[in-house]
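Please go over the structures that come below.
Presented sequentially are two complexes of chain A, the first with chain B as partner and the second with chain C.
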Partner chain A sequence: MIALKEKITSLVPAAAFDEAAIPTVTVAASEYKQLAQQLRNDADLQFNYLLCMTGMDFGDSLGVVILLESTTHLHQIYVKTVTADRENPYIPSVSDIWDTARINEREVFDFFGIRFTGHPDMRRLFLRNDWVGYPLRKDYDAGEALNPVPTENEDIRDTTLTYEALPDGAIAARERTVFESEEYVVNVGPQHPATHGVLHFRVSLEGETVKKVDVNCGYIHRGIEKLCEKLTYPQTLGYTDRLDYLGSHQNRHALCMCIEEALGLEIPDRVKYIRTIMDELQRLSSHLLFWSCLCMDLGALTAFFYGFRDREKVLNMMEETTGGRLIQNYNVIGGVSADIHPNLVSRIKEFLTYLPPMLKEYRDVFTGNVIAQQRMKGIGVLDTATAISYGVTGPSGRASGWACDTRKRKPYAAYDKVEFKEAVRTEGDSFARYLVRIDEIEQSLHILEQLVDNIPEGDYAVKTKPVIKLPEGCFFKSVEASRGEFGVYIESRGDKNPYRMKFRSPCLPLVDVVDMLSRDGKIADLIAIGGTLDYVVPDIDR
Partner chain B sequence: MKYEDFKDNEALEQLRASGTNIIMGSLDKLIDWGRSNSLWPLTFATSCCGIEYMAVGAARYDFSRFGFEVTRASPRQSDFIMVAGTIVHKMAPVLKRLYDQMAEPKYVIAMGACAISGGPFKDSYHVVNGVDTIIPVDVYMPGCPPRPEALLYALMQLQRKVKVEKFFGGVNRKEKKPEITQVID
Partner chain C sequence: MFDFSVVTKWVDDLLNGILSPTWATFIEFVLIGVCILTAYAVIALALIYIERKVCAFFQCRLGPNRVGPFGLLQSVADMFKMLIKEIIDIKHNDKFLFNLAPYVVIAASVLAFGCIPFGKGLHILDFNIGIFFLIAVSSIGVVGILLAGWSSNNKYSLIGAMRSGAQMISYELSIGLSILTIVIFAGSMQLSTIVESQANGWFLFRGHIPALIAFLVYLVAGTAETNRGPFDLPEADSELTAGYHTEYSGMHFGFFYLAEYLNLFIVAAVASTLFLGGWMPLHIPGWDGFNQIMDYIPSPLWFLGKTAVMIFIMMWFKWTFPRLRIDQLLRLEWKYLLPINLINLVLMVIIVVFKIHF
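Let's look at the complex of A and B:
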């Protein structure tokens, strides 16, 4: 930590350094880019993974907080920069340093109106082009009169603006074309069965070959982050389940842990074990659904029924304990809402013997299938460095050779007490992404096997105060959700509701790489790529 | 569920109580029997409810037992749209267009709290508070998300609704335009 501080003050003397569990560096907007470059390239620092970018409205000023991590040194740091100009806020873009910043900065622009100089594509990401105002600003007027429910389809523009900072301090806007007028652009979505929800791809085609994909998100943007600002901490929990509904338990786990750590609550071992078991059950259900849907997307309808048959068994187990099939609402601050059902242990044991023969069947039916292999092998190759730069975590990142499992890197709950293998492959293609998930099903079973007999006795929740107030400061906690690293960033001002709550979505980077992966491939490969990336659209849009 | 309870909520069958011509009535019955048992949904889901919708399509709940199995990817070929999930501002015109593209007769089921009223997101700046503000809804299905059993129940209620329709009598007879006798300023 001290070395980190010395290093940074030597790089940028004007930076304010705040020591905490994760240190914060505050710099002026003019020095922000230079610091970012040094943080990324310095051999002792190597912050090559931009974990989370949060736009902020501090009341009198606007700003950005980025959370960086180094995959070699495993240290983390917040970098904060602000601009006092609320009318025309400009901040230098870091999109040429970390690729994932490109889509994140568009999100910040959409929500706060901060324009990033040097960013190639300053369009709104989620909201319509004709949207008035920037909704996550504190002074935003959410009235129906300003932005009524539209009746006309959106006028999608083929041009975008980029802003450049001139040497004399002025800003020059330049128009850039997304699609040329002679390009043949086909819409895939927003209502398309293979986009797994309401996602809109604009695909430029040359015959059958994909030349470019432009992602248009926001068809299920529900404004959860803004909603959370008005609610008390226990009330915000419910929204996390509905972000990525196939990782509802894990998402809620992240938020509960973040609040518990901020409060300094000591969590009983029993709770940690129960949460870990539920996380793994959730992962099983999610990966089984992934398998079913991918097979169905690639034309194997029978597999869909096989996968769902086995998934129902997992749902049964979860339902008995939590009361919910899909959305469980099980974690609460300080523990879980009810003790486990007496049948859970025996049912899990039964399932541990049930699933392995089914997995063999899966392999026989689909993995070994010539058509399936031809449609996935060598399709959509993502290499390790690009995966890190784009922040592609989870099974997709691990298929590209990045050992990014949060359960291993930053163990939480009971993951430090179990032994399991991190499924990593190096091919980086669709087939590797598929195989990693199948391997993870086996590893989840292995984890459950170790936990199920050793659940310690004790309370299933600790008592908390009736009104939960977090101390002032910013808090971040991430878990390994079914699709990657899901993080929660809370900025607290000491009130009973958060000042800003940001969810680090694992699916946003996934949809960001679709363009790169599907370029110069066939249009049919877009389906295989989307299927194996396995994004969930409400998690992208939040 | 008992049959009396199934018919408990509203007396839809009252609509046929007045009686019809025996030949026309029998033809109506035949057509309604056929249509109500082959209602094809549109493959459409925006969020969480869509997963339960898929679960109903799979082996355990299996809505093909009641004739719903052919989910259509094109609105032109579907009979009803299941609005499964939150509808937001950006999606509203798209949903309207999908509904407009469907061929008559068409039906709408609002699945889950979000589709009924905006649900947990009703205070949001970007969420439509109920799809019935955009398109007419035939069956409302509460829950967050509704259980598959609830979904089957809602589908059967829709079948009930289809079964009381009149093809040769009643609805299809062109009504005269109401004569305007007095213009009120």
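Let's look at the complex of A and C:
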């Protein structure tokens, strides 16, 4: 870490370096871009993965905190930059350094009004174009007078703005068109069977060929991050289940771990085992649903029911213990809300013998099918460097040859005690994404097999104080959710509620790459690509 | 074997006996019209029920089981619902074409339905270019689909209709050529002659390898022709919501729905007529006792039985395979099926000329 500090101070002498578990560098907006470039390109640093970008309102100033990681050196760093101008805040864009910054900066612009100079597309991402104000600012007026309940449809704009910093320090705005008037633009969504939720793609077509895809999110944006700022820590837990509803255990696990780490709570082994088991069950249910939905998207309706038949068994198991099937509310700060059901162990064992023959059936009915293979092989190829640059994690990232499994990179809970293979493939096409998930189902079974007989005795939760206050500072913790790395970033000022809580969504990068992957493909390929990327809309919108 | 022409002859004589020939013919037309439309509706309802049950069993479900015994009245109830539903008048469409399209589709399928020999003597349109007529009228359906997609003024519908046009016109070639193979073998285009000449063994067995190839090609192309899975691109629900009939409601949608099932029936019926002997019982030359027993089974039962087998196979396709992509679909036709068919046709000619068939 000292080497890291020396390196950075030699690069940008004005930067303030704060040592912690994850060091923080604070730079002025004018030096931000230059530092980012060096962090990305320097051979000893190679911060090529932008894990999380958080817009911040520090009270007197606005700013951005980005969490960077190097996939080669595995070190992490926060880069913080602020601008004191609250009226016209400008920060240089880093979207040409990390592709994933493009959509994240749009989100920051949407919520904080920070304009990124050099960003190609400064439209709002989630909120309506006619929204007044920037809701995640601390001085935002949420009154209905400013933003009454809309009675008119939203106008979809075909133009966007690009801000450029001129050499003399002035800012020039330039208008850019998204779709030309003669383009044949078809709406896929917000109500469409293949978007798996209320997501809106505007697709420019030339016959059957997709020319451009513009994603339009925010139809179920609930402002969870804003809501969390008003809630106490235990109250925030409930919202995590509602992000990616197919990864509710995992999401909540991340938040609980983040808070527990900040508090310095020691978690009993029994809790770790139970959480790991639940995470894997959740992954099984999610991947089975993925398989079903992909089959349905590609027109194999019968296969859809096979997946659901088997997922039902997983849901029944979880229901017995947690009481919930989709929204589980099981993890709490310091443990889990109740001990496991006496049947769980025997049920899991039964399931371990039940599923493998079914997986063979999946292979017979779909994986081996020549039509299915033709629909997926070579479609939507994502190479490793692009996957990292876009921050595409999870099974989709691993299909592109990026070993990005958080369970292996930063083991948490009981993952350091079990042995499993990280499913990595190098083709990067839809078929690889599909196979990685099938492999992961097998690995999840393997993990469960090792854990289910060895759950240690002990308490299922530790006692916590009635009012939980986190120490001052910022905390980040991530887990491997069903669709990728799910992270929680908490900025605490020592209160009983967070100053800022940001969820690193694994699905936002996934939906961001759709445009790139489906260009020059057919409409049917767009569906196959969307199906194999397997995004969940509430996780995009948050 | 009972000949149904006895019944039709009796009705004809009766009407001619009491009425002038013009009126008798008119009343016969009406009677046949009523019969054919009733059969059309009943078969469609039965097929909808069967498809639901078949797909339910494929999918580990039970299917309809609440309305009537074993859910038998479910499709009747659905039909009734469809009849009383409002036909929603959408804005900014071509009203005339929009309303015309479902009738074109249904008319094409009723015309084709009329050509099918249901049993010995149970045959409405039978003339020397029967097969040719059948192919011609069944091709009109695509016009209806194109009209529906165009007049809806909906981008999904238009894409669905264009896909449908490309698909049906392409696969018509394969259907035509595989039928032509059998026409060469039978030496006739008249459906009744084709069925009669299968008295000593069905064409599928007698026609050597070319008949088998033609049968397989016909099965694939026929499934494509009915716009059913894995060739259901025109309505591809996960891509185009419902394709060309997205904007239709009430009975206008019902017409498309009925026509789809009846087209399935027609394709299966033509397959059984051309390759499996139609209403002709299974005869094995030399086994006279066996042949006589087979003759006791009424001819419509033979026809419906064979057709049911064909329909089941096509349902099996639909509920097993994923959907093709448009370029793969066209590649399958133009690069594989069509050349195979052309070679097959030459092969059949050789076999017929040198008489090396069974």
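Basically, the second predicted complex is superposed on the first by the 542 of 542 C-alpha atoms of A that agree within 3 Å, B and C clash if a C-alpha of one lies under 4 Å from a C-alpha of the other, contacts with A are read in each partner's own complex, and residues count from 1 in each chain.
Methods note: a contact is a pair of C-beta atoms (placed from the backbone, for glycine too) under 8 Å apart; a residue touches a chain by one contact, two chains touch by 3 or more.
Predicted model only: the values in this text are computed from it and were never measured.
Trainee: Clash or fit: what happens to chain B and chain C when chain A is overlaid?
Mentor: On the superposed model, which is not a single observed complex, chain B and chain C fit side by side.
Trainee: Have a look at where A:358 lands relative to chain B and chain C in the superposition and call it first, second, both or neither.
Mentor: Touch status of A:358: no partner.
Trainee: Considering only touches as defined above, state whether A:222 meets chain B (first), chain C (second), both or neither.
Mentor: First partner only.
Trainee: Which one hits more chain A residues, chain B or chain C?
Mentor: In the superposed model, B touches more residues of chain A.
Trainee: Would you please give the vertex angle at the Cα centre of chain A, with arms pointing to the Cα centres of chain B and chain C, as a multiple of 10°?
Mentor: About 50 degrees between chain B and chain C, seen from chain A.
Trainee: With the two structures laid over each other on chain A, which partner does A:309 touch: chain B (first), chain C (second), both, or neither?
Mentor: both
Trainee: Does the superposition put A:193 against chain B (first), chain C (second), both, or neither?
Mentor: So A:193 meets both chain B and chain C here.
Trainee: Looking at the overlay, what does A:246 touch: chain B (first), chain C (second), both, or neither?
Mentor: A:246: touches chain B, not chain C.
Trainee: In the superposed arrangement, which partner chain does A:332 touch: chain B (first), chain C (second), both, or neither?
Mentor: After superposition on chain A, A:332 lies in contact with neither partner.
Trainee: Once both complexes sit on top of each other, what is the least C-alpha distance from chain B to chain C, rounded to whole angstrom?
Mentor: Result, nearest C-alpha distance in the overlay: 5 Å.
Trainee: Chain A residues touched by both chain B and chain C?
Mentor: 192-193, 304-305, 309
Trainee: In the complex formed with chain A, which residues of chain C make contact?
Mentor: Chain C residues touching chain A: 55, 58-61, 155-156, 159, 162-163, 229-230, 232-233, 236-241, 319-328.
Trainee: Within the complex, which stretch of chain A touches chain C?
Mentor: Per the touch definition, chain A meets chain C at residues 184, 186, 192-194, 205, 207-208, 295-306, 309, 365-366, 369, 371-372, 374-375, 522-525, 527.
Trainee: So in the complex, the part of chain A that touches chain B is made up of which residues?
Mentor: The contact residues of chain A facing chain B are 126-128, 135, 140, 142, 147, 149-154, 190-193, 197-198, 218-224, 226-227, 230, 238-239, 242, 245-246, 289, 292-293, 304-305, 308-309, 311-312, 315, 325-327, 537-538.
Trainee: Considering the complex alone, what residue numbers of chain B touch chain A?
Mentor: Touch residues, chain B against chain A: 43-48, 50-52, 54-55, 58-60, 73, 75, 85-86, 88-94, 96-98, 120-121, 123-128, 133-134, 144-145, 147.
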